[in-house]
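To keep things clear, I will list the structure first and then write my remarks on it.
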Amino acid sequence: MHNNPILRISTKILFAPIILFGLYVQFHGDFGPGGGFQAGVIVASAFILYSLVFGIEAGKKLFPSNINLILLALGGIIYGGVGIVSMLLGDEFLAYNILGSSPQSGQHIGILLVEFGVGLTVSNVMIALFNAFADYDKTKEK
Amino acid sequence: MKSLILFFILLCLWLLMSGYYSILLISLGIISCAFCVLVANRGKLIDDEGLPIFFIPRLLNYLIWLFKEILKSNLSTAKVIINGKVEPETFTVKASQVTEVAKVTYANSITLTPGTVTTKMHKDVFEVHALNADFGNDIRTNEMDRKVTWLEGKK
Amino acid sequence: MISELLINAFLVTIMLSIAIALIKTRTVIFTVILTSAYSLIAALMFITLDAVDVAFTEASVGAGISTILFLAAMAYLPKKEEESINTQFVPALSCIILGGILIWCSYDLPEIGQLTAPIHQHIAPEYIKGSKEDIGIPNVVTSVLASYRGYDTFGETIVVFTAGVAVLALLEKKNPVKKNRSLPSKKLKKNA
Amino acid sequence: MVLIFDIFTGICFFIGSLSIIIGACGLIKLPDVFSRIHAAGMIDTGGTAFFILGMVFQTGWSLVTVKLILIGVFIFFTSPVTSHVTANLARQKDIVPVGKKIGKIL
Amino acid sequence: MFLAGLIACAITGILILIRIILGKTTFDRVLAVNSLGTVIVIGISLHGFYSNRPEFLDIAIVYALINFIGTVAVLKIFSTGSLGGDN
Amino acid sequence: MISSTIGIWNYWIVFCLMMIGLFLVIGRKNFLKKIVGLTIFQTSVFLLYITFGKIKGGTPPILNESINSIYSNPLPHVLILTAIVVGVATTALGLSLVLRINSEYGSIEEDDISAQDLVDYHDEIETGKSIDLKFKQ
């Protein structure tokens, strides 16, 4: 659909603000509605919009699938890693109190990191799902 | 250069949306904006089409005029819907703008005023569908075309 | 405060009408469009029930990604649903009976929005108080999600990850099963 | 002062309500897809503009206003795009609009 | 006042729903769902003011965004037959 | 009478939606429709949970110093929030299974597929190959 100039230009203008809005939702999950799950989906939807308008090949050039698969696993590792770090510091699994100077700041850091891991996993799973479904007929021919 | 302008626009947007001005959140905002610019740069989205800055000096003037038009055509569309006198017509107009962005702006302005909609774009010829002969005449006088060309400022 | 309940009742009735239209239709694309509209109204419903975080999720996940996935899968599937040969009487009857029993039981449920209902007594007040004092962030949902019930969310993340990997594995190009399994039915059709 | 703003809000909401209801009536009444796009455009432009203006009168100047304006800008940006793409595809699939054609058509 | 706006949105929603269910071509339905999304965006903002918590307008923004992307996806299915195609 | 009816009206409609979802799953033979039915069933369960968490005159559970009213119960919200994301992941899994079934059998109607399996089975009996042997290969 990229030979339709109206759609192409509006996608070009909207792409960066959508990702910024997704990251805003990610990092303001503590203060208002939002958090990792929602932010991941919004960021993924920006990439999906790009793939829809410019074609799946361009989308894969923008966000290669091997990086996608690495980040897919990295999100879960960050989540588990926070738990293991808190264990190594001498508390229980996923007890954030020990991470900061005071219990409250420790909780704050822990929640921020954990939400980031969730967001990373969800956004990459959604992009991978979309790519797998949209590419299905091409993979079948090979 | 364009990346820098995009970065500052995004940063302003972040600060306006955020409402919490602690050091942590502002630094996260700067990182986020940098990430957005990086990704947009990678996708080759930062060019004249993705960031039409040459519109900005005359934008406000144009928007006020556009809103007036939208208001007027909303009123007449409502009249047409209530009366039920629908005589649709299809015709073509020629756009006189130079850049693609300005043509898109013209097409979008036509669509944004209820009663007229751009159905096809082929280079600089638009096919327009109008709800009534009055709406069609409004477009055919080319006033909007001249306004957008003036907004573009390249002629 | 009756207006809140009236808004809820209205929205939920609209959802019912969409679901009935979903039973009637036989074209796939209309099914997908109706599912999208259903999710959109469900999200509005969640907002009126004070669950802003859930509404956020439903709007982005249920209405957005879900619709896109249905569309993507629809492209490779038959566009029309076949009229089934068997009668649908037994499933319909069992659904009606089960629904009747559930509605009959609903008289025992507490009325909507009562503060004295058992669900509001147990642990929720402690979470609301603790979110302010122990954790120090205003969004109670986030604090329960990431801190109090961190294990749970960890599990959910892994489930999402596993589902993604499973889909990637299923839609992968090579299929060893297909090579080994010679489809006799297709041969039969060819011979016949 | 509050009363004046309330009155302004009321007027804006009234016009907005009228415009969305008339737009929805048009969506049902008008004969074909291309005509209905105009009615949908009424909901997208007139309705949202007046409702958002009315809500801006209520908030005064705060961060909520910024978000309201953001919603307005977003809808104003995407509404013509979806309308145009719908009309364009309907034309590509050879749905011929009702009514007369003036001059040569693409 | 906000309640009156909400009632107007509800009436509009019912009328649009009739169009979705009646609609002859798919384009009618896509258009109607898009309009329904716009009306719901207005409804969400109004409900925020009605319940005295207007700071949750983020949801309305997400809503408008998802509405746009969903419409583009449906229309892409129509033009190319699959989501992956390059036109 | 009216107020008590409205007090449990939500439950009634939620149960109706649930039954419609169940009917689509067990009564329809088309696999895509079955998955749509599953989605409807899921959403109705979400609605039931969230309805339990509502408190009359309450506000969303996001703390604010200037508001001193009751907050609705946040616990169902947390449960449902994760359930929605997991729900879409399972929907995607189901859809991919349907795609594979379509490429194997060339159909997504339950009747067609069971008929093909039956033909398969009789074919095996005739050729003398047992089913176990085939799965071992």
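To keep things simple, chains are lettered A, B, C, D, E and F as they appear, and every chain counts its residues starting from 1.
The working rule: a contact is a pair of C-beta atoms (placed from the backbone, for glycine too) under 8 Å apart; a residue touches a chain by one contact, two chains touch by 3 or more.
Just so we're clear, the structure is a prediction, and the values are computed from it rather than from any experiment.
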Task: Path length in steps (a step moves to a chain that is touched) from chain E to chain F - done: 1
Open item on the list: Using CA atoms only, can you tell me which chain is the most central one in this structure?
Closed with: E
- [ ] Work out the mean Cα position per chain and let me know which chain is farthest from chain F.
- [x] B
TODO: Report the pair of chains linked by the most C-beta pairs in contact.
DONE: C-F
Open item on the list: Quick check: how many Å separate the C-alpha centres of chain A and chain B?
Closed with: 30
Task: Cα-centroid distance, chain C relative to chain E, in whole angstrom - done: 19
Task: Computed distance of Cα centres, chain F from chain B, in Å - done: 42
Task: chain F residues counted as touching two or more neighbouring chains - done: 59-60, 62, 64, 81-82, 84-85, 89, 92, 95-96, 99
TODO: Spell out, as numbers or ranges, the residues of chain A touching 2 or more other chains.
DONE: 1, 4, 6-7, 10, 13, 21, 25, 31-34, 37-38, 42, 45, 48, 122, 125, 129-130, 132-137, 140
Task: Multi-chain contact residues (two or more partners), chain C - done: 52-53, 55-57, 60-61, 64-65, 68-69, 72-76, 138-139, 141, 145, 153, 160, 163-164, 167, 171
- [ ] If two chains touch, include that pair; go through all of them.
- [x] A-B, A-C, A-D, A-E, A-F, B-D, C-E, C-F, D-E, E-F
Open item on the list: Residue numbers of chain E touching chain D in their complex, please.
Closed with: 1-2, 4-5, 8-9, 11-12, 15-16, 18-19, 22, 25, 27-28, 30-32, 34-35, 38-39, 41-42, 45-46, 49, 54-55, 57-58, 60-61, 64-65, 67-68, 71-72, 75, 78-79
Open item on the list: Residue numbers of chain F touching chain A in their complex, please.
Closed with: 60, 62, 81-82, 84-85, 89, 92, 95-96, 99, 103
TODO: Using the touch definition up top, name the residues of chain A that touch chain F in the complex.
DONE: 31-33, 37, 122, 125, 129, 132-133, 136, 140
TODO: Enumerate the contact residues on chain B facing chain D in the complex.
DONE: 16-17, 19, 67, 70-71, 74, 77-78, 81-82, 84, 86-92, 107-109, 111-122, 125, 127, 129, 131, 136
Task: chain F partner contacts - residues on chain E that touch it in the complex - done: 51-53, 56
